[in-house]
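Pasting the structures here.
Each of the two complexes below includes chain A, the first together with chain B, the second together with chain C.
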Partner chain A sequence: MDKAAIIGIGMTKIEARRDDWTFADMAFEATRKALDDAGLTINDIDNVITTSNDFWDGRTISCMAVGDASGASDKNVSCVEGDGTFGAFYGLARTLSGSYGTTLVTGHSKGSQSVSSLITNAAFDPIYERTLGLDMISACALQANAYMHRTGVTAEQCAAVSVKNHGNAMKNPMQQLGMKITEKDVLKSEMISDPLRKLDCSPVSDGCCAIIIANESRAGKSKKKPVWIKGASMCADAYFLGDRDLSRAKSLTAAAKKAFSMAGIINPEKEIDVAEVYDAFGYQELMWLEAMGLCGDGEAAKLLGEGHLDIGGTMPVNPSGGLMAGHPVIAAGLYRIAEVVKQIRGEAGKYQVKKADIGLAQGVNGLCGQSHCVWILGKDR
Partner chain B sequence: MSDIFKGVEPMVLKSKINVPYHWWAGDTASKFLVALRDGQAITGTRCVKCRKVYVPPRKSCPVCFNAETEWVDLSGEGTVVTFTVTRRQRAALQGKAPVIFALIKLDGADTAMLHRLGGVKPEDVKIGMRVKAVFAGERKARVQDIEHFTPVK
Partner chain C sequence: MAKRVAIVGTGQTFHKSHRPDVNGQELIHEAVTRALTDAQLSINDIDAIVIGNMDHFEGINYVDCWSVDGSGGTMKPIIKITTGGTTGCTIAIGGYHLVASGAFDKVLVIGWEKNSESDTSGAITTAFDPVWDRLVFAGAISGLAAEAQAYMARYGASDRDGARVSVRDRKHAMNNPHAQLRKEVSLEEVLASPMLADPIHLLDVCPRTDGACAVIMASEDSAEKITKKPDWIWGTGNRHSYAYLGDADYGRLTSMERTAKEIFKKAGIKEPRKEINVIELYQPYSFAGIIWIEDMGIVPHGKGAEYIWSGATDMGGELPINPSGGVISCNPIGATGLVRCAEAAMQVMGKAEGRQVPDVNFAVSTGFGGCWWTDMILHGAKKPN
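Here is the complex of A and B:
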């Protein structure tokens, strides 16, 4: 792969209900911050990718409605429907095509404006499944049960993810829901859909994140040291839940393998210094880590219990607090990329990990992790 | 709240996205739905190349990308692969919580189908449990023509 780097990041503070801002207001702020971060003006941006979802936005062709606020006026702008990591992947491909020296990628959503249960229900097949009445939480509860049944991981162990990530978020001023809780609090919280309790689930959130990707020659012109893209890959599993082994994430295994190979990583468990993964639910952090080979199958809970995944641990996971403390759908994966950039730059403040030369960011699209996008970022070219 | 608006009265425009839509089921799903309605029978498709049996049926094999499939009749009995009991009255739920959802692998099928369980207490449901389809009295060629799956006694 030719070289490309992330040279600017901008995030809005993730909030439960940002009712003083429209989508475009959020996109403008995130874009403004990313440009300032890179030391560029909008004239330095060669093309723009916006990432959005029409149902969440309550309008059709939603991506075009934030184009102006993303600085896309009079520029080549294109859109991705799905998680921000997938928008960023398209942005990377455009940069590497040679046609554009810089690509700005934004991802936004406002969960507060709609009803997530109805919107995620509409992701199910309308002929065979939708009218049964499932949504993202009940679907992921099916997956959590399958995963726990296969591995023997317990509800207490999954609760520890929530405790860690909500705790980490207290150190991150951009997060929505930092709080000090115990496993007992999680296990006492309302059972929404067995085995998922309220505190096993990420919150509904509003937020927008922007990143700027540059090719090798333009990367040198940014204000800060570029963070290099060492590998990026995605892979999808079957659409129907019943076609998959829900207790495993084989598409994530494939995406991670490819991304590691691009980055020349032989032993991910040892070589990845920090990971920001898509913990929409507590069990998912464990399951995704195992699927990526960042630990053995069924072993993530043990590592977590021993403190290895803490900010000061041997392999910090979601030091930012992850999705558990703020889940702006669509933008969420871009936040993961931006948080890894902060770690590699040494800008993560109170949640800075000791060593962050190589980091991993993961995004998910589809029900129960149908599709995954894995990014490997590094300090050195 | 008041300070972020700096004295401006916050306005909310309430609306609903509500667009009529017709899902043409296609010949494969139509055949499946008609079999539910008229025969109280669950059918699937087998890929003639990889021999994988899909329930609900597919027109082509998503794994080996083969267009040729043949119809298979299933007994309506199978095994619970995984389940959940939705206890909060989520907006998408049809009916009153708690509702038990499950993935059920019918005997002879290679994929599991999504449906509800009934006639069983939530605490008695187990992965690996044997269940069978219970058909609705009034059937309209919908997945709800299977009222639910219930434990095999």
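Here is the complex of A and C:
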């Protein structure tokens, strides 16, 4: 693949409930911010990809509600349904296909208007599984148990993810839920679906994120230094939970391997300076890190306990506060990409990590991490 | 370097109004298997998958993830692209970009729908603004009727003109074993069929169909090794401009006009009527067959009906349109645009059997949907420059 870069990012502040916002208002705000960030006008954008989901939005053809607000009027445009990292992947492909020099990618969600349990229940097989009442939280509880059983990781260790990420979010003004809590608080919080307690789970959130991808020749024309896309890869595992070893994320391992190889990364543990991963639940941060080979199998909890994953640690993970502190579904992966861009540019303020030459962002689609998209971003071309 | 891209195989189900014998994954599997057979490839040769449908028709969330048992997507990259009625065409455009970017060499594109499981009008109505548009918008037919009325008022066309398009497409469908409605209709029958939304009669409009379509795209590195005569993609484009229903210019499809101009200019096509040999038009109702070919630039505004009556768009005419029988004969919505793409590809590849148009150099396929949106692909027999 040819080279491309991210030249603009725009995020709305993630909030629990924004009654004053329509989907279009959110998309417009994020788009406006991304254009300002890149020092471009909408006329500099060659084409647009929106990312949305008809179930979460309660609208058929949900992209229709945000196209114009994302600046797509009279432009070539398409819509990816899935996590924002997948939307960005298609945006990258459209930039590298030679058709368009710049691609604006947006992703939005208003969790406050959605009933998560019904919407995620609709992702299960309508005949065999849906009637069991499974939803994202109960399915991920099965996965958490499987992971903890296989690795011996404890509920206390998973709770430490929540403590770290909620704490990091206190330093990030765009986050919804920064708070100083202890493992004890997590373990005392309401049981949602054993072993997942309320503070093990990411919150319900409203938010929209936009990024601008440019090809090599257009990347130089932005206001700020471009952040280069070194690798991007996606992969889907089997659908039925029973067909997978739920305690492992085989498709994430495959996607990460490909992304590392594109980026020329041989030893990810040492070469990745900062990671923003899809921590919809505390255990997932640990599990995804291990699956990507950012640490040994079953070792993430130990690294976390020793402070290696903190903002000042050897491999900071979710310095932004991650999903744990703000989870606008669909947009969440795009926020991860934008947060890594901030780190590499050195714009992350109080949650800036010391060295951020190479960063990783990850997004998830489907149940219990069935499908993953991994991005490697870098300072140097 | 960006790669040139070609279609090297296509597969379709035998579309029907109701397929209770298969579930969605099995329906998808039928189309995928046929496309792989057509290209003489195995699923192991496929590097990535693009899939699309309309969620609220089947009520299945995260279809990309759910479908892997039917699509063969397990442990492959799979991405869902969806834009309403234009989905089938927009996923083909997605496949094009994934291959052209160099990210993947061979991409499988799948569109599907089981309309028999859906409340189509109910689902479509929720596409529109819940406060301003939804309460006055009664599904797809009412919007199309408004377009036809506006066109008739402006250019003096009649419902007989629309009926002539239905007669053409239903006749063409007789040559296509995959079409759902394979029974010729006469002008009188169209005009005597029940009025759904004035001036649209039952026989002016598309049916609801269960069906799936799969298309395999490959880069220039392997296309000619897979098939001697691939269908080269010369251009893709679309316009999905939307504000509110009242903002559309009823009687003109501006999205078609702008998309066609962009694609024809890029490909160096100056006289589309003479240079294009066949069109597979996403034409959900008969009057679109008159109005939209004007917007595409085939004939001037107001001259569409005359051109249709001349027989120029019939099989054997100057520019056959919808040799497959088109959308009026078959409409598995999420697949419909991809069926147009597959049928255009078959015309270029010389694989269209009983509905083959001779010596096709350029073919056009389109998608329609959303709020007066157009997607378009230009197909060619020669490798693009």
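Quick note on the criterion: the second predicted complex is superposed on the first by the 381 of 381 C-alpha atoms of A that agree within 3 Å, B and C clash if a C-alpha of one lies under 4 Å from a C-alpha of the other, contacts with A are read in each partner's own complex, and residues count from 1 in each chain.
Basically, a residue touches a chain if its C-beta (ideal position, glycine included) is under 8 Å from a C-beta of that chain, and two chains touch if they have at least 3 such contacts.
Note that this is a predicted model, so its numbers are computed, not measured.
J.: Touch test for A:Met1: chain B only (first), chain C only (second), both, or neither?
T.: After superposing on A, A:Met1 lies in contact with chain C but is clear of chain B.
J.: Considering only the touch criterion stated at the top, classify A:Asp135 as touching first (chain B), second (chain C), both, or neither.
T.: first
J.: Quick check for you: in the superposed arrangement, does A:Phe55 touch first (chain B), second (chain C), both or neither?
T.: both
J.: Who does A:Asn365 touch here: chain B (first), chain C (second), both, or neither?
T.: In the superposed model, A:Asn365 contacts chain C only, not chain B.
J.: In the superposed arrangement, does A:Pro126 touch chain B (first), chain C (second), both or neither?
T.: It touches chain B and chain C both.
J.: By the touch definition at the top of the document, which applies to A:Asp194: first (chain B), second (chain C), both, or neither?
T.: In the superposition, A:Asp194 contacts chain B only.
J.: On chain A, which partner touches more residues: chain B or chain C?
T.: C
J.: After overlaying the two complexes on chain A, where does the chain B footprint on chain A coincide with the chain C footprint?
T.: 55, 58, 120, 126-127, 238-240
J.: Mind listing the chain B positions that touch chain A in their complex?
T.: Contacts found on chain B: 1, 4-5, 10, 12, 15, 17, 23, 25-26, 29, 33, 54-56, 62-63, 81-88, 90-95, 99, 101-103, 105, 111-116, 122, 127, 142-144.
J.: Can you list the chain A residues touching chain C in their complex?
T.: For this pair, the touching residues of chain A are 1-2, 53-55, 58-61, 63-65, 67-68, 72-82, 86, 89-90, 92-99, 119-120, 122-123, 125-127, 233-240, 250-251, 254-255, 365-367, 370-371.
J.: Name, in rising order, each residue of chain C that touches chain A in their complex.
T.: Interface residues on the chain C side: 1-2, 23, 54-56, 59-69, 73-84, 90, 93-94, 96-98, 100-103, 123-130, 236-243, 258, 369-371.
J.: Could you list, by residue number, the parts of chain A that touch chain B in their complex?
T.: 19-20, 55, 58, 115, 117-118, 120-121, 124, 126-129, 131-135, 137-138, 141-146, 149, 190-196, 238-243, 246-247
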